[in-house]
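Here come two complexes built around chain A, the first alongside chain B, the second alongside chain C.
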Partner chain A sequence: MTRSTAIALCLGVVAGFLGSCLMGRHAAQKNAYKNFLRLHPFLEQETSYFPTSSQLAATTRLQCPPGAGKILVILGGNSVFNGSGQKTPELWSRVLQNDLGAGYHVINFSAPGAGPADTGAIVFQMLARDYPRSLLVTNTEPGRYAPPESSAYSYLFWDAYYKGTLPEDPARAARLARETAADGWLDYKLDRGMNSRFYFHDLWGGVAYRHFSTIWTSWLKGRSFLARSRLPDWYDNRKGHESSEAFFESLLPGHLDNLRRSKSVDPQRFRKEADGHWVQTAESIQNEAEQISALLPDALKPRTIVVFTPFNPWFLAHLDPDERMRVDASFRTGTKLAQEGGYHALSTADKPFEALEFGDTVHLSPAGGQRLAHLVAAAVQDVAREQHFLPAP
Partner chain B sequence: MIFTAYWFVAFAAIVFPLYWLVPWRAARLAILLAACVVFHGHFAGAAGVVPIVILALATFFAGRSGNGRWCLAVIVACAATLLGYKYADFIAHILFEPFNSQMAEHASVWLRNVLPATPPLAISFFTFEFVHYLYDVRKGRMRITNPVDFALFSIFFPSLVAGPIKRCGDFLPALHRGVSAVDWNDVALGLSRVALGYFKKVAISDNLAACINYYVPRFGSLPIWERWLLFAAIAFRILLDFSGYSDIAIGLARMFGIQLSENFRWPYLARNIQEFWQRWHISLSTWIRDYLYIPLGGSRVGTGRKVLNGFIVFALCGLWHGAAWHYIMWGVYHGAGLAISGQYRPLLGRCGAGLGAFFDRYPPVSWALTTAFVWLGWLLFFYPLPEAWKLATHLFVK
Partner chain C sequence: MNSYLRIGAGFLGGILIGIFFHFLLYRISLPLEPFIYFSF
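What follows is the complex of A and B.
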């Protein structure tokens, strides 16, 4: 290699690196997902695809520009809100959009396994200033209030945090400084710190969405390297199950075991009163109150609705009376703690969901999704009225 | 993988420009040494650094003294340290299991309490390099008197984790040439090599690994042609993973102006097993040849002894890769391959000569047989014997 070729190659590497940084920055701002409806598996980490906070924010801006005059309703939460099992035409968040009407814009960033302050809650915080008339509706099971920095989608939180796009929250900053002081965090902090300057995750996310993916995944097998934008919603091509008691029987005992292991039944969180009723222990209440309080900055809590989504009554009927009482107590306490924490809370446990409105223990069938949408729409309208940001007639 | 850690990226982004921008030889040596110390300290931690520092000091002073007995004592200490950290549990099981499985379990639990959860970082590579140095000192071939040279030979970070296994005689002149005269050419060639290594490792090998991990448990249910495809994927995965890592190491060293020896030369083009081992993990196979096979007698002994020596050194080569029986089986398998490949002509008389002539005349046949042998060996390398056998039979039977 001649000296001039060598110099050209080295300069080319530097130029390529700088060019990639610029393209990553561009992708972060402009790479919105077209026709986005939800984070189905081909658009989230289950298939080794990691949308960045900037890309989700860009998608929101594309669908509902800040000047559009609409009330923005961002959905966060877990697979129940993600509409797991529901095909695109029957997706509950589309029903919610219909119920709310043209004055609102609903965008669903909930994802399987996400906590109440993940995904959608991150985007909500990022856009809170640009969208003063926005609401967050997120769901969880009572007792599950994992902080976003250590949840299954923590990468998204850190992405936004290091890019400096989250609103200031001194309590959170102090907590994070404490938690991340350990050596084990160093590489992660470097990753996120460098990404906030060089935008390599945004570049990869943009390329993988528009052009080609680089990671083989068992979900896609031979189609792993296709652009994610060319892949349909995973649920649309999946053979669904008709909800029926026979189908629920087939899910036993695995799903019942899962229900018994859930926070709502976990005996560690409860104590039995002299009258035979179960209540949460003072310790668990205090822990959970602290966890709920830390989910979002105080200023955004009044614009947030926490929905405690229900369990399938068919499976609940298989629990013993003590276990059922613990579930009831869990929903009661969760609702109370969320309200005391400054959020709006909607418990669906006492709403008349039928067994056949579920696809399994917790996920809703299209019919259940409709019922959920109607309940949430009413709650959204109430909060919008309370916040004085009703859409112009 | 250490080279894909963000810490390493940040570290490299500081160290390399600093090294290039400083024009003084001594300052470059100091920067390189400091970088190696920081790298080793960061990834090995105190528990990993202390035993290596002790062994390095012992090796350095024994080597500098030139005393053959001291050198031999430190060689034994190095080997004992490697055995203790990496193989104690395995050896305890071999010793106690046939007599009393409870005793074997007790020994295992005790060792787990006494020893760290993982052996010191790269202890196998350190051991091989120290043993090589001390052996050569004993033979009067070299002696390092400069502690900085020895420290850099010991903990030169590009090759620290996964080789190539260095030789003092090659490394030190390359080091001094690098710190004196690193140029654009070195940087450009190094960068290209690093990029190639990352591509092999991250873009191809890691994807193949994900694919293999998913499909191997379903191997029997795949169509035959897909099983063969997966079989090839297993073979290419280890080649690209390991040679990718070597490329990164060689490329990083080259960016300092230091040329390390090649570790892979298109091994799947080999037409017999000897040739395969001249192309695969060259720094290990030449180490084994020079420091195990030749001291055991090499080619100067009779055929039977030569074959036995081949089995011994390859069993040890297998064991070096990991403390499990299937690694030893893999080594013995290659020992057998070498014995057959090296001896069939004289042993089979006219028939052997005819067979040899046939292979010489039709290289694709000898290539295909060698490739099949080596690739089947990877099943032994990656999986316990029953599973490897099951996978191998599934290649041919429904």
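What follows is the complex of A and C.
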């Protein structure tokens, strides 16, 4: 190889790499999902596909442009809000959209295992300025308030953080400054810090969505290399279970054991009063108040509804009386702490959800999803009125 | 003429290598173990 050919090769490498970065930067603004309804497993990390914060924001802008004159309702939260087990036609967030009507636009970014400040909450923060009439509705179990920077979906927080698309939050900045590499985020910081400069996730994630995927996953087997946009909603081709007591029996003892290990039952968060009632310990209340406070910037809390989604009463009936009292105390305390923290809170513990409105311990059947949608729609309309999002009558 | 071809081919080859490096960054940043969430 001559010297001039070697120089041309090196220049080509630089040009190819920089060109890819520029294409990635461009793709970050254009990588919207088509006909998006929710982050089903083929569109999220369960199948090693990691949508970027820019992709989710672009999807929102495509579905509901800022000038559309609609109130934007972004859903965050976990698999209950994700509609786990519900097929596309019966998805609860579609019922919510129908309840709210054409003046609202609902977009569901909840994901399995996500905390209340993950996924949808990240997009909500990114778009809060461009969408002054937007609300976040997110769900969690009382006691589960994982900070977005160290949750199961923390990659999305760091993606937005390093791209500089999150609003300023002095409390968050102080908290992040106190943390160290020992907290285990170094890989995400390195990955997403580099992505904010080179945009490789935005380019190749977009290619995987539109053209072809390069990720083999056991979930997809022979279809691993198909474009993710060509795959149907994962739940649509899945054989569902009819909700019945016989089916719930078949989930014992595993699901009951998991319920007993949940935050809502965990005896370490509670103490028993002299009258036999259970209340949360002062320490757990203080910890959870701090965690709730850290979920979002103060200015966005009044535009956020935290929904404490219910447990299946059939499984609750299998708990002993002390355990049930702890669940009640957990929902009461969670609701109170969220409200004191500046959020709107909706507890569903006292709502008449029936056993057959569940698919298992926490996930809702289509009928349960409808009940949830009606409750959330009423709460959204209340907050929209309170925030003066609606035109004066 | 041949030298121009060699330079052009080198440049094009370099571009492909540069794109591949960019793709490699994406590919090696993906976790080896997929995230599987079991709640209940």
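Just so we're on the same page, the second predicted complex is superposed on the first by the 381 of 393 C-alpha atoms of A that agree within 3 Å, B and C clash if a C-alpha of one lies under 4 Å from a C-alpha of the other, contacts with A are read in each partner's own complex, and residues count from 1 in each chain.
By our rule, contacts are C-beta pairs under 8 Å (C-beta built on N, C-alpha and C of every residue); 3 or more make two chains touch, one makes a residue touch a chain.
Quick caveat: nothing in here was measured; it's all calculated off a predicted structure.
Undergrad: Is A:R3 touching the first partner chain B, the second partner chain C, both, or neither of them?
TA: first
Undergrad: I'd like to know which partner A:A173 touches here: chain B for first, chain C for second, both or neither.
TA: Neither partner.
Undergrad: Of the two partners chain B and chain C, indicate the one touching more residues belonging to chain A.
TA: On the superposition, C touches more of the residues of chain A.
Undergrad: According to the stated criteria, A:L186 is in contact with first (chain B), second (chain C), both, or neither; which is it?
TA: first
Undergrad: Go through the superposed model and pick first if A:A299 touches only chain B, second if only chain C, both, or neither.
TA: neither
Undergrad: Just checking: does A:G205 make contact with chain B only, chain C only, both, or neither of them? Give me first, second, both or neither.
TA: Once the two structures are laid over each other on A, A:G205 reaches chain C alone.
Undergrad: So, does A:A68 touch the first partner chain B, the second partner chain C, both, or neither?
TA: After superposing on A, A:A68 lies clear of both chain B and chain C.
Undergrad: Is A:I215 touching the first partner chain B, the second partner chain C, both, or neither of them?
TA: both
Undergrad: Mind working out whether A:N78 is in touch with chain B, chain C, both or neither, as first, second, both or neither?
TA: second
Undergrad: Quick one: classify A:L252 as touching chain B (first), chain C (second), both or neither.
TA: Once the two structures are laid over each other on A, A:L252 reaches no partner at all.
Undergrad: Shared contact residues on chain A, chain B side and chain C side combined as an intersection?
TA: Common to the two interfaces on chain A: residues 1, 5-6, 9-10, 13, 191, 194, 214-215, 217-218.
Undergrad: Which residues of chain B touch chain A once you look at their complex with the stated criterion?
TA: Within the complex, chain B contacts chain A at residues 5-7, 9-10, 183-185, 187-189, 191-192, 203, 207-208, 210-211, 214.
Undergrad: Tell me, which parts of chain C touch chain A in their complex?
TA: 3, 6-23, 25-27, 29-31, 34-37, 39-40
Undergrad: In their complex, what parts of chain A are in touch with chain C?
TA: Touching chain C from chain A are residues 1-2, 4-6, 8-21, 24, 45-48, 50, 78-79, 112-113, 152, 191, 194-195, 198, 200-201, 203-205, 214-215, 217-219, 251, 255, 258-259, 360-363.
Undergrad: Quick one: in the complex, what on chain A touches chain B?
TA: Interface residues on chain A, with respect to chain B: 1, 3, 5-7, 9-10, 13, 186-188, 190-191, 194, 214-218, 224.
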